[in-house]
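Residue numbering begins at 1 within each chain, and the chains themselves are lettered A, B, C and D in the order written.
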Amino acid sequence: MDYSKVFTDPKSAVADIKSNSTLMSGGFGLCGIPENCIDALSEMEITNLTVISNNIGNSGRGLVKLLISKKIKKAICTYVGGNPDLEKQILSNEIEVELIPQGTFSERIRAAGLGIRGFYTPTGFGTSVADGKEIKIFDKACLLELPLGADFAIIKAEKGDSYGNLWFKETARAFSPLMAMAAKITIVEVEELVEVGEIKPEDVHLPGIFVQRIFLGKNYKNDIEFLKIEE
Amino acid sequence: MDYSKVFTDPKSAVADIKSNSTLMSGGFGLCGIPENCIDALSEMEITNLTVISNNIGNSGRGLVKLLISKKIKKAICTYVGGNPDLEKQILSNEIEVELIPQGTFSERIRAAGLGIRGFYTPTGFGTSVADGKEIKIFDKACLLELPLGADFAIIKAEKGDSYGNLWFKETARAFSPLMAMAAKITIVEVEELVEVGEIKPEDVHLPGIFVQRIFLGKNYKNDIEFLKIEE
Amino acid sequence: MSTQNYWSKNKMIEKVISFFYSGASVNLGIGIPTLVAELLPKELNIFIQSENGVLGVAGRPKKGEESPTLINAGKETISIRKGASFFDSALSFGMIRGGHIDFCVLGGMEVDTNGNLSNWMVPGEKITGMGGAMDLVNGAKCVIVVMTHFTKKGSPKLVKKCSLPLTGVGVVNIVVTDLGIFKPENGKFVIVELASGVSVNELSIPSELI
Amino acid sequence: MSTQNYWSKNKMIEKVISFFYSGASVNLGIGIPTLVAELLPKELNIFIQSENGVLGVAGRPKKGEESPTLINAGKETISIRKGASFFDSALSFGMIRGGHIDFCVLGGMEVDTNGNLSNWMVPGEKITGMGGAMDLVNGAKCVIVVMTHFTKKGSPKLVKKCSLPLTGVGVVNIVVTDLGIFKPENGKFVIVELASGVSVNELSIPSELI
């Protein structure tokens, strides 16, 4: 009996994501986002998702597709600037937004993936982020932060093999490997589906043990948010 | 004014390690150990070192050189089997040994390097490892574990450049990148000193920001502890 | 009491392997458990993790192909399969602690009816250290202990309450000995299988514990 | 009050750069601080970190060399220098939280005499989020705030006590405005330097705070 994680298309890979699920989505801004998975999800009849992602898309793109089709009940993120669709839903109370400092966000996701039940960080002490959190004094006053996991993660990588070993290009890595560790089911789309063994074992950025499904993505837009060129 | 981390020889790279320092040493067993640094240290007149390393050498090799020359006051490690020199010193009360579960050991070193002031892990609950530690109940009962840092780290990498970007071969990585993060001064010896930029930016295993000194090592023994061959 | 019916080491390892499923990830302790890497049927497509920082251990290297930087947690030279990866110890133990390892196979000195395990220290004897054992028993989804049924002195290692220093509390799921397979459950040892020809009496486990 | 003596944006950035030393690592916030990457003298050999996962930002890419996967935390296309490296967000913020970043340069809305900083939220206005700012101010060895001295409404941003939601407590080491350089210390702002021709009166800071 052969065991394979490879799916043929995004639709079948995300088919069992249901209403009320908690969903992590990789990428930073529009960089390294799982475009195919987001498109497939936006055509499904699901609602009340809790979405964990650094940004909830931007200027009509990325996760904004799920926002516009009213699939998101709650967004857990670090930065939501430049997103008029989100602003509208916040003002009309259609969506709840929880903001977390980005370092704490990353480390909480890692903690969920790697079995750390809680950790102390000085980030946020003395700010509204500390509200309701246990405080303990080390060299500095620190907040107790808890793991942040999810039912599903959708992420994108540059290269991946059938076992799920992944390699990310440039700054497209960000939260994606951490989310893969933290979700019960991790669905990966790749620009290039390579032979097992093609990624050098030392240079695997995420071991396949953290991946449950993988498919070859198509028609990537790879939008640039702010093009800056040397003058 | 040019800024360089490159040293010409092990002797000058470790010259300011003093008695009573806390010293981390990379490697797993005899695999990936900083042979040149250990040799240079064994010729120095220093005593009362606290050494943090997974093993304190083995069968007369590795850190056993510092043990025999009575430089080590305390060893913090996870496994000390197969080390008659260490056993002798434990029995004669010449050395204090603190044993830590290996996963907690790794994570405490990472925590010291990455500014985590404490974390909760289920490892060790209900065992002697829990003695005197704060316990908190999450999904399981967990121990509060604290960061483990050091004054100096000596580690070995396969490749490194003048900024200190490192690349490790096979299983020789282990604790070394974590120790580099956790020590005030990290001294690296490499099999190959490469041009800056030669290690692909995505495949740098340890960014040079964590490295203070680097030198080209020589005359490596690269001992195999237990040679097992397909029959 | 004849030992002729007892399972051999290889037979015990076969029994361990019988619990695995296709695609599973497995960590192997030092000693007998490393035999798993050599006896594993390839079609199972198992990924063996070794906590020193490798996923995809294949067995022993061919002569001349051994590498001093390619070892398992027992510091023995190994080979790797296609799709293997290397990583640092924090990620390696995160993989373990985070519940991503399906099976952990390790040796034991004592297992008790509450699933407690002692396997790292005998007071008064040589100190070796717990290595990664405490993390493994708390992290792996299924903990399988493989050990001889009796100590060298002849007393059973399956006991009511561990007397040696503990490695973990309530962590053991399955015990494979040379006499059979057992599950500590609700203060008893459930007998899953006995080596053919071995009677319950031969186990030397008090009847109220079975 | 004439603004002709005020430092230009570029001049403010030059002043920021004057605190750096060879080999230092620097994180740049969104907005004005990103100018540092473009104005930095090469001989300083600075490594610029961007918290989305890159060490060794060089500035803007040449036309045609931009990559959608090569951006800074402001989501702007960047180029990298030799010796750059990429990593995930946990390591990136670990680098920050662990004190490995020598300087963090970021914008501000208010800085008070206790070194408190507000720069992420104005109640009742658009919500943007704190991004990495709270981690940066608590982690970097030296926090430099660069901002115009006055709000658009003309009130000074150097205040006795921040009125806006805080980003961090006692975290600011140096403030560079278009009027001068200041250090919050012991409940006062120590004047390090004033733009030439600018008087202490023009700062609009109550005299008991200077």
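Definition applied: a contact is a pair of C-beta atoms (placed from the backbone, for glycine too) under 8 Å apart; a residue touches a chain by one contact, two chains touch by 3 or more.
Since the structure is predicted, the reported quantities are computational estimates derived from the model, not experimental observations.
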By C-beta contact count, A-D versus B-D, the higher one is A-D
Rounded to the nearest Å, the gap between Cα centres of chain A and chain B is 33
Averaging C-alpha coordinates per chain, one finds the centres of chain B and chain D separated by a number of Å equal to 36
Taking each chain's centre as the mean of its CA atoms, chain C sits from chain D at a distance in Å of 54
When centres are defined as mean Cα positions, the distance from chain A to chain D in whole Å is 28
Residues in chain C with touches to at least two other chains are numbered 54, 86-87, 90, 93-94, 96-97, 139
Touching two or more other chains in chain B are residues 107, 110, 115-116, 121-122, 140, 168-170, 173, 201-202, 205
Those chain pairs meeting the touch criterion are A-B, A-C, A-D, B-C, B-D
The chain D residues in contact with chain B across the complex are 22-23, 25, 43, 45, 47, 49, 54-56, 80, 82-87, 90-91, 93-101, 139
The residues of chain C that touch chain B in their complex are 50-54, 59-63, 66-79, 86-90, 92-94, 96-97, 116, 126-135, 138-139, 165-170
In their shared complex, chain D is touched by residues of chain A numbered 28-32, 54, 58, 77-81, 87, 90, 97, 99, 101-107, 109-110, 121-129, 140, 158, 168-178, 205, 222-231
Given the complex, residues on chain A that touch chain C span 1-3, 110, 112-116, 161-163, 165, 181, 196-197, 199, 201-202, 204, 207-210
The residues of chain A that touch chain B in their complex are 107, 111, 115-122, 136, 138-140, 142, 167-170, 173, 200-203, 205
